[in-house]
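Take a look at the structures below.
Look for chain A in each of the two complexes below; its partner is chain B in the first and chain C in the second.
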Partner chain A sequence: MPVLPGSRPQPTPRTQAAFRRRARLLPVVPAVLLLLVFLAGPVLWAFHASFTNAALTGRNARNPGWVGLENYQRLFTDPVLPLSLGLTVLFVGGSAILGQNLLGLTIAVLMRQARKPVAAAVGTAVVAAWVLPEIVAAFAAYAYFSRDGTLNQLLGWLGLGQPDWLYAFPMVAIMLANVWRGTAFSMLVYRAALDDVPADVTEAALMDGAGAWQRLAFITLPMIRGSIATNLMLITLQTLAVFTLVWVMTAGGPSNASTTLPVLAYVEAFKFGDIGYGTAVASVLILIGAAFGAAYVRLLRQGKP
Partner chain B sequence: MRRRALSVTSLIAAAALALCACSPAAPADQAKTLKVVYQKTDSFAALDDLFKSAKAEFEAANAGVTVELQPIQANDDDYGTKLALALRSASTAPDVFYEDTFKVRSDADAGYLLKLDGHLAEWKDWDTFDDAAKAAGLGDDGGTYAVPLGTDTRAIWYNKKVLAAAGVNLPWEPKTWQDILDTARKIKASDPTVVPFNMYAGKATGEGTVMQSFYELLYGTGDELYDADAKKWVVGSDGFTDSLAFLKTLYDEQLAVSPAEALDANVWKKVFGEWLPQGKMGATVEGSYSPSFWQKGGSYEWPEYGTDMGVAAFPTKDGQAPGGVSMSGGWTLAVGAGTKDPGLAFKFLGTALNQKNSLTFNIASSQIAVRGDVASDAGYQAANPFVKDVSELVSVTHYRPATADYPRISAAVQEATEAVITGAKSPEQAATDYDAAVAGIVGGDKTVRK
Partner chain C sequence: MTTAAPAPRHLGPSPGQRRARLPADAALLLIGACFLLPLLWLVFASLDAGAGHQTRVPGKVSLDNFAAVMTPGLLFQPLWNSLVLSAGTAAVNLVVAVLAAYPLSRYRSRFNGPFLYAVLFGTCLPITAIMVPVYGLFVQLELLDSMPATVFFMATTTLPMAIWMTKNFMDGVPVSLEEAAWVDGASAMVALRTIVLPLMRQGLGVVFIFVFIQAWGNFFVPFVLLLSEARQPAAVSIFSFFGQHGAVAYGQLAAFSILYSVPVLALYVIVARGAGSSFALSGAVKG
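For the complex of A and B:
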């Protein structure tokens, strides 16, 4: 449409505002595109692949076919799935929600009371495990828990029994390893949160005669509720996805005794070359993660006045 | 203005030229690259040496061709996965690569491998390969898709000193499973700190569990895993249960390593590197490539292995014919189906597998030669003291059923052995569960009860 000089419509304040609102979104476009391509893309691909019989090799690698819900039917009748689900819940609940979270909070609280050099030493030791790349941390944990490892040598000096941790108590070993590796994150989050608790509120409670436990339970924790929910969400999702640690330490064994969902998905997709089935397991994992995420986001909303 | 037009034109021309140079349609005399993918580990550098020498030879003979070597540092399982992932996309697929014999059929089926029949017909060296080895490269359609580098067999490797100390007559030649148990118990009685007779079990050792342990037992009972004529998987056989029961006896009586040690993926390193050289293990079932670990330059150098170790064929259950059992695998070289220049890729494969390179590789990795002109070479025959013993086992050897379902079936077998040695299931129960697992994997109509 040719625009003639003079007939150009004057921008009304309303259209101007709408245009501005849209223009404001412009800088976000690249980020959204990147998210769509690199995050939503693989997730959608995984969902799609889980309805096919795509394989790494064999005839189905050339011409994967649509099999509908067959992979999911097989998955929900697979005796390994309930076991794997249970182990995943145990792993996340035990090592993240209880282990990392409570230990991180405890250390953060205690560090406020401790002398500077003690606090610095503890902080460094805890963060060191977090700084290590996952594969290095996994090998360190393997060396620590293995049959002739550091832990059993220490137990030997104390004259205690030396069980083969990775064989007899694989879940205990990988949970302890995950607590060791991940506690630093919770500790850092809680240290920052505790620093934001205004001193006058705590002092007022002190004046009212509240004990240390009461101050923690009724003043501090409610005030850092938002940080707790954020931290829980992040460590839950992180721990749900832990693969390297388990794979290096036990590879899911013995006899599937430590096969969490990520390990199961990997084994099915890459060891047995059944990509369709492996992505079905991964899709279940994504849904569980999404459910946790939604629950925490709700918790966060409720926390706000 | 004209000068500017000129410079713009020349710029476009230059850009077009540059683009041309890296497009696939480059003329034959321009630079070409062949991508070669293979496995390399700390304890397996022989292949790396082979390709380096082949690269030098090939680049000297073919001006303008660059051979790009891309070794993958991984164990067999992970190498297979990485290779399969690379083969899925034309942009990452290698031109020539190292391929396990038991994956040839399924990878040919997947369309990853180039059919080599036309090229092989013009390659005079092909006549020197023995027929059994040629069969390892066949696809389901009867075409040849891969050329073998070498093959292997499995045997009992025993430490003569340990057996002699227990009063066992040497050379040890067990005729039945009972002979193995008797000897193992004798060693145990004379020195309880020694592991008398180890056989792998469980999922941690992967294919090692089946190739170097379970199949020697199963194929020695007269039963088999797969009925190749009917193309069906065998379930419910007595041999399967008996084989599991034998493993159970070994582990229950502590004649093998502890179940916890068996389920460590690195157990084989201790067998080769510590227990056998240090006289802490009487015997184990291992591949003909064992000397490659102990010989000079190997990962666990052991100068006395030639005199301290002995080899015996693994016996059949009750000594029935043919009196011994062995399993064979081996690796091949294959050409990617999507290679831009099949002729050139095959030419490189031919260079890598010529007599000189095959000889060096077979000696360095203690492989059994598949080329007649290598097998008859004096240097090959003198490569280690056991070449003759392990080569003879080719007459009683078996191959894995290399179908696309095989990796899952193999995992089900490994799971059965793991359940039995850890005491989680009885041999009968584990065999029943295996039958159910097989039916679940291939479908009930693809199984046959024996």
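For the complex of A and C:
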């Protein structure tokens, strides 16, 4: 971090110097205010509101009453919570940690071997799904997986069965859709990481007779393990927060079969009008996110000397 | 090993790589086709007056769908709202992030490290999780359905990333240039405005566009916070449009989607050309 020499004023009383040092931080104030009001505020409010019976409309909307742990008691005995937690873990594990991560790595590795125009064209196709506004991507995915959609057209040509994906296998559909939507991020991370691997290291391994798989497993992957960890953290957090894709494709249905935690929080708060219960669900999600966030920050700090 | 001239390291693929090319090409093309397929429907349906869920080459290419959605109420007002929201969000982000990044980049302070890590932690919070509490907060403060309040909230959600990116870009501007101005007695803010900002124009552009794209595509935040139809951005109006006419108007939905997506696709191409395709990661990954 560059430091301005000579920015310290001529000998002044110590208090004045201390004051000046503080004053230099003044420009940070607007950022701190915004973050406190709109980010820390809602998080704290969430923990508070989850102990009340706040409602969307009616008497409890104006004067929510304190109900203590009631929402949490209800939450932890509600059979929907374990289901929703399980679906969220399945969604994050299947579509982000396995799907996006492995596919992104595969594409990045293949791109280094393929012809340049091919790599560029395929890169554009992958990125296109990622740059599109999420609602458009969600509509496209909805049409793709619907009963007479593109996927079933393909399966029909191949003479295979044509299930109604969004009703029979809603989780499969939203997981595949999320892989389609989000793989570009992992691909970009791994492309940048692979570009940073010095060529002479892999060439030396090649001289020693290491095969392509051996080079990948024992040389390349260990060298980019920092990027792998960062990528896993970030896509986990992104996928944890996915709402629009699920909402447009299945709205959590049929009968909660694809209700991930963000959808559950939304449905409880806005469909059933129970803000208190909805914020209790949201608080659980915030805590999970915070745990991953803290792990991510630790990871980055350790990476820095 | 002695050679007349040191061979350049990236001369080309080794024989082993060249042999791997064909299968790699084929595998990549297959993957690329899978990624394009869902988008194909969007293009075909928009040009097909009788479109459904199916992907089919329209029998007769028509622009009827585009003509049908290009009305002030259906398309232009929502797009204008999207523009106001996104440009407002990006502008607030830019001003606040530049102000915050300057002391973080230029002065050493005990405050810097903890603040930057707190900000980074902020980027990790799942925004969808805080939408229910934010709604509650907005009800209590009577800010619901207010464009400025929504702009400030959306700006805050992208602010952590914007501060990191701006600080990284600012770190790239050498301090020596400012020293002269300091000697001449210019204040920090004058030095920032006249020396630092002009030198990091490109970086500022990247931050602005990055935030703009995120805000433009954001569905959930305006969906929850903006209630009246006159204020809703395209992301939300397209959703209600789909809900009301969904059963029949797939072609119009596709046409609307394309018109709504084109601006961000264009912005992405501009940034990717200028700053390399990994621009979006400069804040997150390089830290």
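Everything below uses one rule, namely that the second predicted complex is superposed on the first by the 263 of 305 C-alpha atoms of A that agree within 3 Å, B and C clash if a C-alpha of one lies under 4 Å from a C-alpha of the other, contacts with A are read in each partner's own complex, and residues count from 1 in each chain.
Note that contacts are C-beta pairs under 8 Å (C-beta built on N, C-alpha and C of every residue); 3 or more make two chains touch, one makes a residue touch a chain.
The model shown is predicted, which means the values in this text are computed figures rather than measured ones.
**Q** When the two structures are overlaid on chain A, which partner does A:273 contact: first (chain B), second (chain C), both, or neither?
**A** first
**Q** Counting residues of chain A in contact, which comes out ahead: chain B or chain C?
**A** Counted on chain A, the partner with more touching residues turns out to be C.
**Q** Touching A:147, do we find chain B (first), chain C (second), both, or neither?
**A** After superposition on chain A, A:147 lies in contact with both partners, chain B and chain C.
**Q** Report for A:72: first if it touches chain B alone, second if chain C alone, otherwise both or neither.
**A** A:72 sits against neither chain B nor chain C.
**Q** Between chain B (first) and chain C (second), which does A:169 come into contact with in this model arrangement: first, second, both, or neither?
**A** In the superposition, A:169 contacts neither chain B nor chain C.
**Q** Would you please give the residues of chain A that touch chain B in one complex and also touch chain C in the other complex?
**A** Dual-contact residues (chain A): 61, 146-147, 270.
**Q** Show me the residue ranges of chain B that touch chain A in the complex, using the header's touch definition.
**A** 77, 81, 84-85, 88, 103, 106-107, 109-112, 202-204, 259-261, 263-265, 404, 407-408, 411, 415, 418-419, 422, 424
**Q** Which bits of chain A are touching chain C when the two form their complex?
**A** Going by the criterion above, the answer is residues 1-7, 21, 24-28, 30-32, 34-35, 37-39, 41-43, 45-46, 49, 54, 61, 103, 106-107, 110-111, 113-115, 118-119, 121-123, 125-129, 131-136, 139-141, 143-144, 146-150, 153-154, 180, 183, 185, 188-189, 191-192, 199-200, 203, 206, 212, 227, 230, 234, 237, 240-244, 248, 261-262, 265-266, 269-270, 275, 278-279, 281-282, 285-286, 288-290, 292-294, 296-297, 300-301, 303-304.
**Q** For chain A, which residues are in contact with chain B within the complex?
**A** Contact set of chain A toward chain B: 55-62, 146-147, 164, 166-168, 251, 253-255, 270-274.
**Q** List the residues on chain C that touch chain A in their complex, please.
**A** 9-10, 13-14, 16-17, 20-21, 24-25, 27-29, 31-42, 45, 52-55, 95-97, 99-100, 102-109, 111-112, 115, 117, 119-137, 139, 152-153, 155-157, 159-160, 163, 171, 174-175, 178-179, 182-183, 188-189, 213, 216-220, 224, 235, 238-239, 242, 250, 253-254, 257, 260-261, 264-265, 268, 272, 277-278, 280-281, 284-285, 287
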